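Heads up, the next two complexes both have chain A, just with different partners, chain B and then chain C.
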Partner chain A sequence: MNKNSISASQLFFTILQTQIGIGILGLPYNLFKTAHTDGWISMLISGCIIQVITLFHWGLTHRLPGLTLYQMTSKLLGKWGGNFLNIGYVFYYIIVSSVITVLYVNVLKRWLYHLTPAYVLVFLLVVIALYFAKENVRNIGRFFTIVSVFLIILVLLISNAYKEADVRYLFPIGHSGIQNILLASKEGSISMLGFEAILILAPFVKAKSTMTLKMVMLSNCIVTVLYVYIIIACYLFFSPDEILIVPEPVLYILKATQNSVIERIDLVFITFWIISVITSLIMYVYISSVGMQEIFKKKTHRPFVPIVLIFVTGLSIYFSKTDNLVAALSQATNYLIYVFIFCIPICLLILSWIRKGTVKNEA
Partner chain B sequence: MKHKLIKIFNVCLVLSFLTGCWDQKMLKDTMFLSTVAYEKQKGNKVISTIAIRSYTSKEGLLVNKTYHVAGESPRDDRTKINQQVSGIVMSAKKRIILFEDRLAKEGILELSDVLYRTPESPLTAKYVIVEGKPSTIVELQQVGEELIGEYLDGVVHTAEANSLVPIETLQSLCTVLFDEGKGLALPYMKLNTENKTVDVIGTALFNEDKFAGITLNPEESKVLLLLGNQKDKYMIMSHKINIHDKKYVVSYDVSDAKAKMNVKPDAIHGVKVTIPLRVKVSINEFTKNEMSSSALTKNVQEEIEKVLQKKAEKVVGKLQKANCDFLEIGREVAAYHPSIWKRLKWRQDYKNISINPKVQVEIIHRGIIN
Partner chain C sequence: MALLIKRRPKRTKSPISLEEKEPKTEIELGTNVEEILKMLEERLDYTSDIGQRWLKFNHERALLVYFVPLMDSIKLNDHVIKPLLIEKEGEIKEVIQAASITPTKDLDEMISLMSRGASVLLIENDPLVYAIDSTKTATREVNQALNEKIIRGSQESFVESLDKNLNLMRQRFLDGSLIVRYIEVGSISRTRVAVLYLKNIANVEICNTIINRIQQIEVDGVDSGSIIEEALEDSPLSPFPQLLNTERPDRVMGNLLEGRMAVLTNGNSSALIAPVNFFSFYQSPEDYNTRALYGSFFRLLRIFSFFVAMSLPAIYIATISFHYELIPLDLVFTVKGSLENVPFPPIVEAFIMVLILELLKEASLRLPSSIAQTIGVVGGLVIGTAIVEASLVSNMMIIVIALTAVSSFVVPSNEMSTTLRILSFPMMIGAAVFGYLGIVFVLVLIVMHLVILESITMPYLIPLAPFRFSGLKDVFIRMHQIYLNEKPANAKPQKRKRQKAIRNWDSNE
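Up next, the complex of A and B:
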């Protein structure tokens, strides 16, 4: 147990890296569809919503200290109910991992590798996920901390957009109406997923419970600020109607701006972006295999990592065939997110309050 | 032993990834497309004239060749070119795209889709509108020692640096075209048959994505850029002015220029716009050979002001006639006067609003003699 623990700062970077991932590229476009150029306000609201939900998740870890999500479910719902829910979570995380892989393949195929077969791209990603996800939390945490340096490069690359910005595109602020802004914040919240890893990681953190909360909330803040920065960059660069035809505005900006040393900055960006994608994937595969370990009552999660990845590979290769399948899969996942990230943890928290007496007695 | 075998197996596995790449493009098989010229042919076909450059030949000699093809669309033309060349044609190094003025009148966006949709295409390439047949320019092949692609790129670049034409890349013009409150102006060029070169003869004004048929001459283009706050590094102007009933020529550098925009609501046409333009100039040439007295300096200053004021009014008139909102008045109204913007139908109402440029000139240097 002692060897397998992470410090508070490692927790912070782990959550941060899990949150930042595939969503960066399309986020400005997705928000624009409903909230128009007020998308950045929606993102700020999403940030607040996520902070509240984080409180619920943390509440759960605070009430049942030393337990991972998979152990909490058994504790609160009994063996059968717990196992049932755990299987659900394992599948949910397998699907989320597949969505990440599918979107990654889709972007790479359209932007870079037109001829490279999808299975090769999937395979390359899966091998790296296999290499890291079989490790313990500490090793993963260390890796995530190191690669966080690259986030600075992402920020610097995007600053290119501000060279040709027209501030007038943001005005008049709030013209799309409160309703649309709120609706779009749903989309923004989804892009901030990753904080829920706290349910698995909390028992491994060598710090006070309140410190854990602080770190996760700090990570949420930074992700929100980063996303707002990216969103505003896109909204200032493109004229409003133009964003609707550019699903990956971030890459498009970088493709359009030219540097005297590097002609295609978008390709450099993709390279660093892939690291963020990989970190998210590693975390989800890890969580999923820990779930399997719990279901089968094994000592380590290692043997389950390849099993999870076989599922992920199969699903990704199938769904990455056409753009429509990609869209269908990510749409379906959005509904699952509401159930598994927003509803169930809150229900579990309420349940833990109701069963306060019994839980204590068992312990 | 078992451990070693696993290691060897792993190494082999990794090695299998290093054998190559599906998407590799070898320099030796690649033909770079340096310039394209589009022109109209009867029956809605588009003729592309393409200059291609490659490094395939022996001893690294550059090959430069032009091709003509007629197809249904630019992409179709490209496909047809592929049938005629030995190697893969790549457009990533394309710098300049020439449009026949007749074709541009039918809209440029339709023909540009392929450039925006394919990831390899260079979004920093530039559009130029050509008076007459652009194929004749591409067929020059070479101007002096320079190949036509580099030459055109250089010409446009120089025109931009001298603030003769607005700086508009493929990407930035798309941004302008998708914004109702902005208007597009592109470099206007023609073949100089005497010198076998090209000549930048001003700017072409666009109504939406269609060339309006109205152009500005170089002097007017410069004033246009001043009004739109788009002066680049240099701007040199020269005018004939009257001092005490005698004509002199005065030339000057525009050192600094700042245009503001005041938008006021107007009962009849929605908005009333005044554009105060402050220009600071330093004199290079004045054929009276002296400018010692401050009274004379003031006189010259007023004369320049008069000339610029007149030109500015003419430019604004042409912009409105072309229905080209180059000064981005619409964007200003939309951003800061949203209630007025909602009432207006900008594409129709822009022509009728009153736009008043107010030029103010200040001479800040008089050169190294008095």
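Up next, the complex of A and C:
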């Protein structure tokens, strides 16, 4: 029996935890900026877009079974082309890891630690990632599964918002226009990233290829539903004028709700949210170091975790200096996402169709 | 931090089997009794406790040698010497009425048998010597379990004698599925270690791993229980115990039935159970001896106590030093009032109190119970009251630390309770440095460590990670016996089914 494998349900939770991260705290606000109170429709559309892209990614793993993304590139593009692309991916994932770190540190600084230097907070995240990203897929899957309990707590906490909801805020539905709704769905799609981990995880899944697809799609569905639930909660809780002044509406909802034992539940929430952030971070650091392992042809990815994290630490500390830099980094990452998540996998899939004869197809 | 250290030291040494360990040099015994005796005495450096008795058998001179302190004089007289004197000739094995007679040619084996309580019969012109069991080992009687007291159910506890302990275990499995494997550990002490498992239930692979790990121990002697435990552990640097220690035969029985293995050592009155999971340490035989509802209630209480013991001081420190806004206003006044005159930061206060508590515990632990009460009064009442009046520690902190201590003692396993109290230190430091974020930070590291941790190659946090829904029936609560149809997956038993019917009459009527 292969010791390093995960079950289908573990894959589901792994993808789910990778997808849910720092993005949700500000997502309702970001969608609102373009799509107004129709942001939830954009989110649904994003969900559909992501499902389609997931199909492409899955198609790739289905056509080249037993291979990770990094092995696929070498197989399809040859040694040099593959390595070139792999280096690109490694750096892409390093940057994504840094973005996650920077955004969370940013929120922490604004909500809790006004005076703490950013590098201390970066260090905290990096230490946890260092401890766990060196583990194999099996342990990562197990950990991601048990911490999913916190999502239930999140849903329950957010449900407070529905007590003071005003349904009229949502109407008229669709007043911001189809164009704006579609534009906002771009933002929504980015918040759902994480499903691409399937390209790395697929060979480790101890289930049929179609089952893998089902699990990833299920994860996409759950994330979409969860996000729509949170977005609607925010739009119903705050009036359209209010939302514009609360960049992290999820936290403001928690802050506003009263509780007889804990008065500021948002502060507790923000610290526990580190778990969701850290799961995404761990996954990306893992993927990145697996890439390095593939480039340097080593047996394990363990020695590369510290190297990846040194890059992440450096980038995070530099970019968390001012809000402008944070915004610039997020913007740059958005462009990279189009290239690395949307374009390249689709190109690879097309390439694998063209070179049909050389690759074997099995279910 | 121990958590960050690599968890498994790599073994470079290739595994070797027991036979190859020391090249056995057989020292051939001659046929001359006096020569043998001389060899023996020289070998044993003329030790004073050797006893001799000259006899005549088959018209040849015969000699009985033995270690005097090990002899049961009745056995020796009635079953060995008397028949020899009466019969005078015949086959040794027919004449002597002892349960076991072992013929040997080897001096070392002869000494080893003598050390185990055999008297050795040497006969002139006979190439073999005969080791006749006539032992009386000093041991205490089976008593009440002292460290794991329970209210209902069996009160028996293991003793130091392996044979007596195995006796207690054998009584409990009458169909013969209890298998015992002896392994000798220690080149000087030659301590007998017994690995117990149930045939057709225990997982063979895990069983072999345990036996293999014990066989590879190369030590002089097994003088403490921890040698076996530390040899078996997967992660020696982990703060969490990976084997369950128990002195209760009924607990061992329950675990054997679930497919686990038990390791009993001669001279040690507690058994080791492996592989275990985290929740094994929160299960008490009491849960199964009382009704399911009560068992579940106390189980939940213990799980709650786990969080209190580990994080209550940390939460308190974080709240009063970072997050005042978190607690309701009225409570802020109460807390602030008690803190008014205390000169130290909360973390120092907490450390003072925890230290005092550990001191008191350690001081009263080894004292006779009559003096220990005095420690309780002096420690609990005098120091407790005086320290608050002297404004060294606040009232609130005393409450917090006392609650923590009480919660940590709720854990049925002493090892786990100590682990909890030790882990509360990093939590407190985390809380003092980063507030709640620090607590969550340390908690996340601990959970990650638990996910990685293994007990004899089996996951430690099962059934939470990997998640097994059916396993939850006997974790946070103890479901009614009629629902516990399957053994827990933790030990990978060969058969998952545990029972067919408990309340068959229910459906038949």
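The rule is short, and it goes like this: the second predicted complex is superposed on the first by the 357 of 363 C-alpha atoms of A that agree within 3 Å, B and C clash if a C-alpha of one lies under 4 Å from a C-alpha of the other, contacts with A are read in each partner's own complex, and residues count from 1 in each chain.
One rule holds in what follows: a residue touches a chain if its C-beta (ideal position, glycine included) is under 8 Å from a C-beta of that chain, and two chains touch if they have at least 3 such contacts.
It should be emphasised that the depicted structure is a prediction, and the values quoted were computed from it without experimental measurement.
Trainee: Could you say whether A:Thr271 touches chain B, chain C, both of them, or neither, answering first, second, both or neither?
Mentor: The answer is second: A:Thr271 touches chain C but not chain B.
Trainee: Touching A:Leu151, do we find chain B (first), chain C (second), both, or neither?
Mentor: neither
Trainee: Regarding the shared-chain residue A:Asp241, is it in contact with chain B (first), chain C (second), both, or neither?
Mentor: Only chain B; A:Asp241 stays clear of chain C.
Trainee: With the two complexes superposed on chain A, say which partner A:Ala256 touches: chain B (first), chain C (second), both, or neither.
Mentor: A:Ala256 contacts chain B only, not chain C.
Trainee: Tell me the contact category for A:Arg142 with respect to chain B and chain C: first, second, both or neither.
Mentor: second
Trainee: Would you check which partner chain A:Leu69 touches, where first means chain B only, second means chain C only, and both and neither mean what they say?
Mentor: Once the two structures are laid over each other on A, A:Leu69 reaches no partner at all.
Trainee: For A:Leu112, using the defined touch cut-off, is the partner it touches chain B, chain C, both, or neither? Pick first, second, both or neither.
Mentor: both
Trainee: If we overlay the two complexes on their shared chain A, which of chain B and chain C does A:Phe132 touch? Say first, second, both or neither.
Mentor: second
Trainee: Looking at chain A, which of its residues have contacts with both chain B and chain C?
Mentor: Looking at chain A, the two contact sets intersect at 112-113, 124, 263.
Trainee: For a test of understanding, state which residues of chain C touch chain A in their complex under the given definition.
Mentor: Per the touch definition, chain C meets chain A at residues 3-4, 323, 325-328, 434-437, 439-441, 444-445, 447-449, 451-452, 459, 461, 464-467.
Trainee: Spell out the residues on chain A that touch chain C in their complex, using ranges where they run on.
Mentor: Residues 7, 9-10, 108, 112-113, 124, 127-128, 130-132, 135, 139, 141-143, 145-147, 260-264, 267-268, 271-272, 274-275, 278 of chain A touch chain C in their complex.
Trainee: Chain A touches which residues of chain B in the complex?
Mentor: 17, 21-23, 116, 119, 122-124, 169-172, 174-176, 178-180, 182, 328, 331-332, 334-336, 338
Trainee: Where on chain A is chain B touching in the complex?
Mentor: Listed in rising order, the residues of chain A that touch chain B are 110-117, 120, 124, 164, 166, 168-172, 175, 237-242, 245, 252, 255-258, 263.
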